[in-house]
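Please find the structures below.
First chain A sits with chain B, and in the next complex the same chain sits with chain C.
Entry: the complex of A and B
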């Protein structure tokens, strides 16, 4: 009964999302939806190492690596963005290999600091390696519409691309969480020593988690660059948009869960845009004050994130079911 | 009886403090070997050295003739060393999932892992609580999760670190037979315990540690009448040790 209802609800939601571009032709609304989808994907990818308790504030590194790889290949070498997707994913994973050294050696905040440094160093490289990246001028994706160039005259194709991406990353993270890797990561998050003593190669689990996360983030970076046309170090390796924002969505929604990142991205993305538009124009930075207050409030009053507020509701259902089974 | 584990001259220093110094002993296959000693004697450090969470400074640890000392913890687990922890910290997932975690090393699919985990839960009588979160269980039940989890690694040697501490007498009476039952299923047991009655009741031999050194080894009766042991516990002036 309940699963049936759930399936019907999901089906209605999916249908609704599919027809959104038909009814809302406003570019702003389409852009907002697309952005939410991108952030759902980004946060869900960021969340994979968080299954293992690893808190990264450097995912802009993978995002930028993916984006720059595809953009350079396309603009400078004329290589198709579809090949660029693979290349971007691969290069982002190479970045993941580098970050895995501190990942398996450093605990808690020390890994987080290393991840920040990693992303910032890459940003500086992108600024200074002018022959490759055009430095601070950045790279522009030429406007040559067509599926072959992944460039479009309307926002509709990217709405669907981003939606597919979000769904794919959610499904992937769900699959990872319920696979042996997911159990091993969650065990390592709860008690690293106990996990080791139970025969888990925790270093390997953390490494694999970061590989998934970095590769997916790189792929998202590639698609985002083609959605956005412009790529420069400050935006590609943007600390607050691609390192802090996914982490914040994760904390506010519920880190280490499946739906936490989704809820976080759905709430924070429109709110962020709204705040930046209204408060940011009154006084620059005022929007971040509201962000900060929200973060403090959530961490203080709902440490498990918004998803934990919904937990009693799920539990009620479950215990109701089991007592029925007992009778 | 052959020896399952042979420890020789095992030493671990923390700075200037010898937490474990030159400890040598063997664990015979199929026995229940007790390990006692005052607080700070180095018992848990010894467990950490055997299970690999700490690297030893000197000495050898051989399981069935194979050297463990340089191997990482997960490899030692695969070779047959299982352990529980003094402070129970179950993973934040259901009881069944807790036991499934180590089983994934042997079975690749969730379904197989689930079936195997359920068998182990039946053995420790937690099968009815399989879907509960550990935080809703009593301490005695959570200690049984620890044992179940360790058993799920299919150990040859199981190191139990105070699985009875903090339990009330009726809970002790409930958990105590479990240790014997595990041994009877073919697992050799080395266990740390402060509850003397329980220790004396089920162990065939007892090791006594004090200040990092092994000071006595023998049957429970021999050990309790040993002058060095009495000194270590009561602090009397001993004639000579």
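Entry: the complex of A and C
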């Protein structure tokens, strides 16, 4: 009975989300929803290595690699964005291969550091390599509306694209978490040495987790560029928006869980936009001070993230469903 | 030929400051076992303090150390007491989150208070050089190098010869046993964080006469300090010093012959290669020491 109720609730929520663009035609609301979906996808992708206890502060690297690949292919070579999606995903995964060296060789914090350095290096390369990336000026996606060019006159198509993307990444991360890879990663997060002793190739698991994560982030980067029309090093490889923000969402929501990133993104994205628009105009940077304070509060009072506060509620709601306990 | 020697010398001098900042990080890392992502922000805060002291009181950067260093020591103690101590026993990730949060707060408070402008201190000796065998050496860089060398030596003797220094080293080796031997671990954590912070602050002050400060100036220092500590090996003062000089030279040579924008790409490359070849660091204490401080 309880599972039925949950399915009905999910179905109602989905239907509700499907009809949002019909009732709310305001560009601001559509943009906000689209942004939330993008951040859900981004945070859920960021979260995959976090199943294994590793977290990155440089996911902007994959985001930017994906976005730049597709944008360069489209603008300079006239290659369809649909092919660009594959190319962007592939290039982001190559970036993941490079970053997998510190991931596999060193313990947690060094991976995190290496990821910051990696994203910063790519940002500088993007500024410096003017012939390819137009440097700081950036690349503009020409406005030629149509599905073929993935460019639209209204915000509606991207609302659905971003929503589909968010749902797909959540489902994928759910699938990964409950597959053998997910179990291996969680074993490695709990105790790396014990997992190795049990015969788990933890290096391989971390590597595969990062591959999924980097590829998905690259794909999200491609779609976001076509949503945003413009790509420059400061935005594509933005430390604040695509490295720190997903990490912040994930940590505050609950790192390494399925719903933590979703809850984190739903709370933090509108909050971030609000702070940027209202406080940001008064004092640039104040939003990050608020994030920092929230982060310290979370670390001190709810180390498991917001999702851990909801755990008792989840368990009651889905008692009897064994998978609920570890979500 | 002249040029390469010139470049190497200026890199070596800058490397002294990197070594200074990295030794502060190494001490915090080894003793408190916290991965301090806000380390570069300590440098930034010290640089701003130096700038404001000069701006309002016309104080010379070198003279301002008598104010900046004690202030930054207390700042480090305060961070340890307020931010780190409450989560001393939680997982390594939680400590990273807390210091990342601290770095975000410091950077953005700096942005709010000081705006995003580049600030420089104008001193008469800022551009002065001395000539030695056809090579021009910048005076403030030379001063920075020797000040770094002197304070590192001082710290070395402090750690080797005093009771407190020995206790600090005992904590680096094994903090449980140090505690059992009656070492007041909590107080020494405060001390180590304070000293670490003061060392990076000294680095910041010494940088001020020939470079500028802005809110995000600390990010590269955090990265450099970690790369230096990884290369030099945790708990190895000599290793950290040599690795600092090495990174300074690499930066100068890379910046001159490749591209100034790509110098961080070069560190990163070295970092990756180094950890592939020898994860415990070039001068590290042997296999497994790369994991010190991560439990």
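By definition in this document, the second predicted complex is superposed on the first by the 314 of 327 C-alpha atoms of A that agree within 3 Å, B and C clash if a C-alpha of one lies under 4 Å from a C-alpha of the other, contacts with A are read in each partner's own complex, and residues count from 1 in each chain.
Everything that follows uses one rule, which is that contacts are C-beta pairs under 8 Å (C-beta built on N, C-alpha and C of every residue); 3 or more make two chains touch, one makes a residue touch a chain.
If you're wondering where the values come from, they're calculated on a predicted model, not measured in any experiment.
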First, second, both or neither for A:91, with chain B first and chain C second: neither
Contacts of A:45 with chain B and chain C, given as first, second, both or neither: neither
Touched partner set for A:166, first chain B, second chain C, both or neither: neither
Which of chain B and chain C A:216 touches, first, second, both or neither: neither
First, second, both or neither for A:180, with chain B first and chain C second: first
First (chain B), second (chain C), both or neither touched by A:201: first
Contacts of A:190 with chain B and chain C, given as first, second, both or neither: first
Chain A residues touched by each partner, larger count belonging to chain B or chain C: C
Residues of chain A that lie at the interface with chain B and also at the interface with chain C: none
Residue ranges of chain A touching chain B (in the complex, touch as defined): 178-180, 183-184, 186-187, 189-191, 193-202, 322
Of all residues in chain C, those that touch chain A in their complex: 35, 37, 83, 86-87, 90-94, 96-98, 100-102, 104-105, 107-109, 111-112, 116, 215, 219-220, 222-223, 226-227, 230, 259, 261-262, 264-265, 267-268, 271-272, 275-276, 279, 290-291, 294
Chain A residues within the chain C interface of the complex: 53, 55, 57, 98, 101-102, 105-110, 112-114, 116-118, 120-121, 124-125, 127-128, 239, 244, 247, 251, 255, 283-289, 291-293, 295-296, 298-300, 303
Residues of chain B defined as touching chain A within the complex: 51-53, 72-74, 77-78, 82-83, 85, 89-93, 97, 100-102, 104-105, 108, 110, 113, 131, 149-150, 152-153
